[in-house]
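The structure appears right after this line, and notes come after that.
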Amino acid sequence: MSKRLKICINTGGGDAPGLNAVIEAVTMAAHHRSWEVYGIKSGYSGLLNTNEIVRLTPKVVDGIAIQGGTILGSTNKGNPFRMPVCNVAGECEERDLSDKVIENFNRLGFDALVSVGGDGSMDIAHRFAQKGIPVIGVPKAIDNDLGGTELTFGFDTATGIATEAIDRLHSTAKSHDRIMVVEVMGRDAGFIALNSGISGNADVILIPEIPFDINKVCAHLMDNELNGRKYGIVVVAEGATPVGGDVVTKGDGELGRQHVVLGGIAEYVAAEIAARTGKDTRSLVLGHLQRGGSPTTFDRLLALRFGAAAVRAIEAGKFGHMVALKSTEIALVPMEKALSADKRVDPKGDTVLTARDMDISFGD
Amino acid sequence: MSKRLKICINTGGGDAPGLNAVIEAVTMAAHHRSWEVYGIKSGYSGLLNTNEIVRLTPKVVDGIAIQGGTILGSTNKGNPFRMPVCNVAGECEERDLSDKVIENFNRLGFDALVSVGGDGSMDIAHRFAQKGIPVIGVPKAIDNDLGGTELTFGFDTATGIATEAIDRLHSTAKSHDRIMVVEVMGRDAGFIALNSGISGNADVILIPEIPFDINKVCAHLMDNELNGRKYGIVVVAEGATPVGGDVVTKGDGELGRQHVVLGGIAEYVAAEIAARTGKDTRSLVLGHLQRGGSPTTFDRLLALRFGAAAVRAIEAGKFGHMVALKSTEIALVPMEKALSADKRVDPKGDTVLTARDMDISFGD
Amino acid sequence: MSKRLKICINTGGGDAPGLNAVIEAVTMAAHHRSWEVYGIKSGYSGLLNTNEIVRLTPKVVDGIAIQGGTILGSTNKGNPFRMPVCNVAGECEERDLSDKVIENFNRLGFDALVSVGGDGSMDIAHRFAQKGIPVIGVPKAIDNDLGGTELTFGFDTATGIATEAIDRLHSTAKSHDRIMVVEVMGRDAGFIALNSGISGNADVILIPEIPFDINKVCAHLMDNELNGRKYGIVVVAEGATPVGGDVVTKGDGELGRQHVVLGGIAEYVAAEIAARTGKDTRSLVLGHLQRGGSPTTFDRLLALRFGAAAVRAIEAGKFGHMVALKSTEIALVPMEKALSADKRVDPKGDTVLTARDMDISFGD
Amino acid sequence: MSKRLKICINTGGGDAPGLNAVIEAVTMAAHHRSWEVYGIKSGYSGLLNTNEIVRLTPKVVDGIAIQGGTILGSTNKGNPFRMPVCNVAGECEERDLSDKVIENFNRLGFDALVSVGGDGSMDIAHRFAQKGIPVIGVPKAIDNDLGGTELTFGFDTATGIATEAIDRLHSTAKSHDRIMVVEVMGRDAGFIALNSGISGNADVILIPEIPFDINKVCAHLMDNELNGRKYGIVVVAEGATPVGGDVVTKGDGELGRQHVVLGGIAEYVAAEIAARTGKDTRSLVLGHLQRGGSPTTFDRLLALRFGAAAVRAIEAGKFGHMVALKSTEIALVPMEKALSADKRVDPKGDTVLTARDMDISFGD
């Protein structure tokens, strides 16, 4: 393909360490082919409001892979198929502005779009693909709950931050014979809790995929006490639910805890443990700490490989596909595939078995 | 002094990174003089219950300086001058068991005690000194609020953890045009908030020493918005109070947030900012993360120097004194001095001036 | 299987972050089945000299996963099939002491051996398996050059340390318009250089799989200079060789640089660059820094999963097999498979393509 | 002072973590006073070649404090009082171009210069001050060898990196019963070696201030061996010298190891230990790793305080002074003071005593 293409990239949804690495690799790989690259600011907003488009060059992206966040600015600005539009009286309604996006995309002469995001963003990208936009998806899911790819960037960083936090809590828990309950991300999938809990030598791990019985949690901690381990670490995914599932919290874990939060799953679990065991029990919510900051080497590399693969996919004309990690290589999968199957912890998989072998309780 | 002494060491109060380094240095320095060293478990409890005393040797303490917590176990077991004693009916009263401690100290043939702790522990140590126990104090104050010494170990680690957290929050705050309010330790002194806030490029720092006006906080954030900085980081010491000081929270910051906590200063500040500015505002409490884990090199070195200096102070017979950092050297100060003057942020000192020069608001 | 087994574990070859995690998981999983576990010290030496065997219990291994090195002590003590034996005159010869090892294994009543190590150790384990010892292998290869498994523990940590070093060198190289040449591990396989070089934004990556032409390396750096990038980072695997391959060095990279080293590949490359370009050029050898210290969360988890899987493999009687990572799960592969095929960087794989797309030169 | 000043800043000598923090604070503090600030590129070169001057604004310096290096580019471009000037035939001579610098300084209308650097830079700044330039010095000395101030920025970061390296080497040294010799910065002053060696639990520390006897070093390591510690860590400052001082090396430690280096002090010490003890001994040179990367919180804060204090010093008209840390506050000292007295490790100070008490040998 000898044509000098003109492509654009946007990032959608909550931020994840590695977004800038994708942007850097897309820019470099396009530059390598003498293409032009533009960044669309604020999700799709930049294509509704065309002064929010920036030229991306090697100089602009030099070294940004190491930085958290995204240089394309706020990533959570709504779905163009259902965009809230308000009149002067403050009355709002959702409108489908997708044709306006397509019009601007064509008017600006773009040959392809790289869309980076989670399942929401992939759904939007898929719909644009169906309406004729040549789009390549790059998966982002800090919770690792997106189907179609074995892993996505951001997850290793978030798990590492959670593990480091758990490592730190051991000192204090042990010095004061205390139970520490730490809440980590994972509304629907418990990968972060599972992996950080095993790595961080937790006593109990509670995840959405395995409903827990608080009595069994307490019994396990009391068993440990009898065996001389007078402290305990409980790692709870924000979406963990008790058997029966009747706890209602106002927490908003994946996006952080809003100021109106009156309690979350960690506070509930801590209160129950304190009430039932009489042990000094504290809770802690990691929240936004898991999203920010410099990505790990693993996440930087994966995001860079995703970005370069997206450009190669454009070159090969594989529109409507998403880049994905498959074993040790990058593959292309149809976007439908990623959208059709969420990924969850396998309660019979070897990682859960490892936890059980290490005497970690899931409260089941 | 050619006599082979027999000395003991205890650690009191909340844990701080560096406690094990003090224990290691005391053990090594005593061993170097062919003395015997014993560790008293659980504050003074080990001297009320003599099977809680352990022999400390170079092999036992090898490499522990790098570890958080304290190998002498739970550190918060009460004041022997006012120890709660309960009968079988569960009725408790406080009793003065200090004579029992002194009796055991003498019966076990100890020549000196190294007592590591904060102002509470120094007060107890001072009272034992007055009753004839040859004691040397080692100051511990993760908030840096203890008088008599320029700095204590643990503070550098806690400040570093807070700064790293603030660094991480920038990514998310910036990507989402959000205000993030982060609560750090500091019930009476705002050193951690001040130092981490400046180092972490915060927009607002709220500390106990400078009462804040929430309207001025919001005005500063709105000024930034007008100048193109659409996000903000607010660092709040747990003991920060508004002008007038009428906020009552149930938070228990220094010791972490108890499970009964319904709200703390960070939640209050975030709610007020959200209400007054309409900005998406979130709060986060660092809590126990600041206490645990491996001490920084700075804290390790300071704690090791304190420990070795305590042994040299015993050798010199300087009982009733506390080791202290004075400029670049370790000095000895009478314990009364440490107890007579708490340390607070100087609102006219150069560090506060630096923050103001960097356009950081204290809400005043 | 209801029998209470008695198993043992040894670690062989150079150390790698994660060895202690394997030991912890094997111990915990065996304890979970009420089995007894013993650690053989110093490779197979402990079975030649039976006082070098230690009982492993949950208490002994509590929290060791976070520590580098191996609690089973020195790991590089020779091959029992060719053990050097010396007489009083200092004359040595290699003898096959494998029967002695088998005799002691049986006399001590062991039911199985978990052998952790690289290709050398797997070869020995395989020979013992052929002689009737019930053995399960756990792969270790900090360079990631071992066949049969997609990844092994230690590699993520080593790559992360290399990336962090490269990140740091950027500051100085940039501030001083300098070329920095950094040598990382990788005698036969360039995975560490490749992954850390891409993640760390290097300009040139030299690996054993792609022979380099020093003129092309210099031409690439000069091109950058013309484009305004006045500094450069060159990452060299210790086993990288020029086209023609006539460089002889005395470096001993995988095991660190011996004191007799007069020069290594990094010094050679730096000298050539300096001579040909006239740029201020410095070299640095990371050496042992890559092996030590706490494993990353990724490595801890993988090593723990390997350890638990090894115990499940014993339970299932799958002797002669090695645990391995296959996609997202742990699989068992015959030891022959791991031994028959070394793993190398695929010069046409997507990771190399990513590097080329990012304008990184391999000097080819 | 109500006048709107126009000031400039330059950075000289080798880079140190914290330079960007000084630049950020100077810019912010000047902006706070509605002054204009300019950065002079490449030391004083920007004032010889006036297109190397850049406007510094809050936007330009936003968040740079966290970055290593200096945004003002190459820092080591020579002394304007002795600048090498070459003719077309390649013949060079040193010329005094200071009047040209002064002429440009005045022509550009600058009211003050903030000069950041080590003793070389302070000497130049002092000479400009004597010739009438209103200059304020900011001390930089990664080795901590500059007089007049208790500490400078960069030292805490460098010491932390060295300690982390030593921590990592323990794993490997211990697993393989090996002696590891690690060379750290410190040509004239041994502060980095001393502080990192104590914090990192070294066995031997060799510093310029205490000449060492290699026989005593070996005797200490052999004593440890007899006591069961079969491995050892030796930390050597690049400027350490044996008693008698007859070792000539070609190492160039402070600026990293040039490609022509045939050996340095670490290689010498390792070779001698290996020859005399027969132990497996390896050496490692940290070199540039100590200079680069993000400054610690301690260094960021100190550099920011220095920068803001420099602006306040300009406001107060205290030209010819250098900002300095004195106890817990920033003070101003005459530049002569910093230049008149180098700072060295006190062989009788409490830090050296701490090391001796911890059974660390200085080889004396």
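When the chains are written out, they are named A, B, C and D in that same order, and each has its own residue count from 1.
Here is the rule we use: a contact is a pair of C-beta atoms (placed from the backbone, for glycine too) under 8 Å apart; a residue touches a chain by one contact, two chains touch by 3 or more.
Please read these numbers as outputs of a predicted model, since none were measured by experiment.
Chains touching both subunit B and subunit D: none.
Note on chain placement: the centre of subunit A and the centre of subunit D lie 41 Å apart, centres being C-alpha means. Centroid to centroid, with C-alpha atoms defining each point, subunit A and subunit B lie 35 Å apart. Distance from the subunit A centre to the subunit C centre is 31 Å, each centre being the mean of its Cα atoms.
Residue positions of subunit D touching 2 or more other chains: 164, 167, 170.
If you check each pair of chains against the touch rule, the ones that pass are A-B, A-C, B-D, C-D.
Within the complex, the subunit C residues that touch subunit A are 24-25, 28-29, 31-32, 58-59, 62-63, 65-66, 150-151, 156, 159-160, 163-164, 167, 170, 195-196, 198-199, 201, 228, 296-298, 300-301, 304-305, 308-309, 311-312, 326-330, 349-351, 353-354, 356-359.
Residues of subunit A touching subunit B in their complex: 14-15, 17, 19, 67-70, 73-76, 161, 164-165, 167-172, 174-177, 180, 256-262, 267, 270-271, 274, 281-285, 287-289, 291-293.
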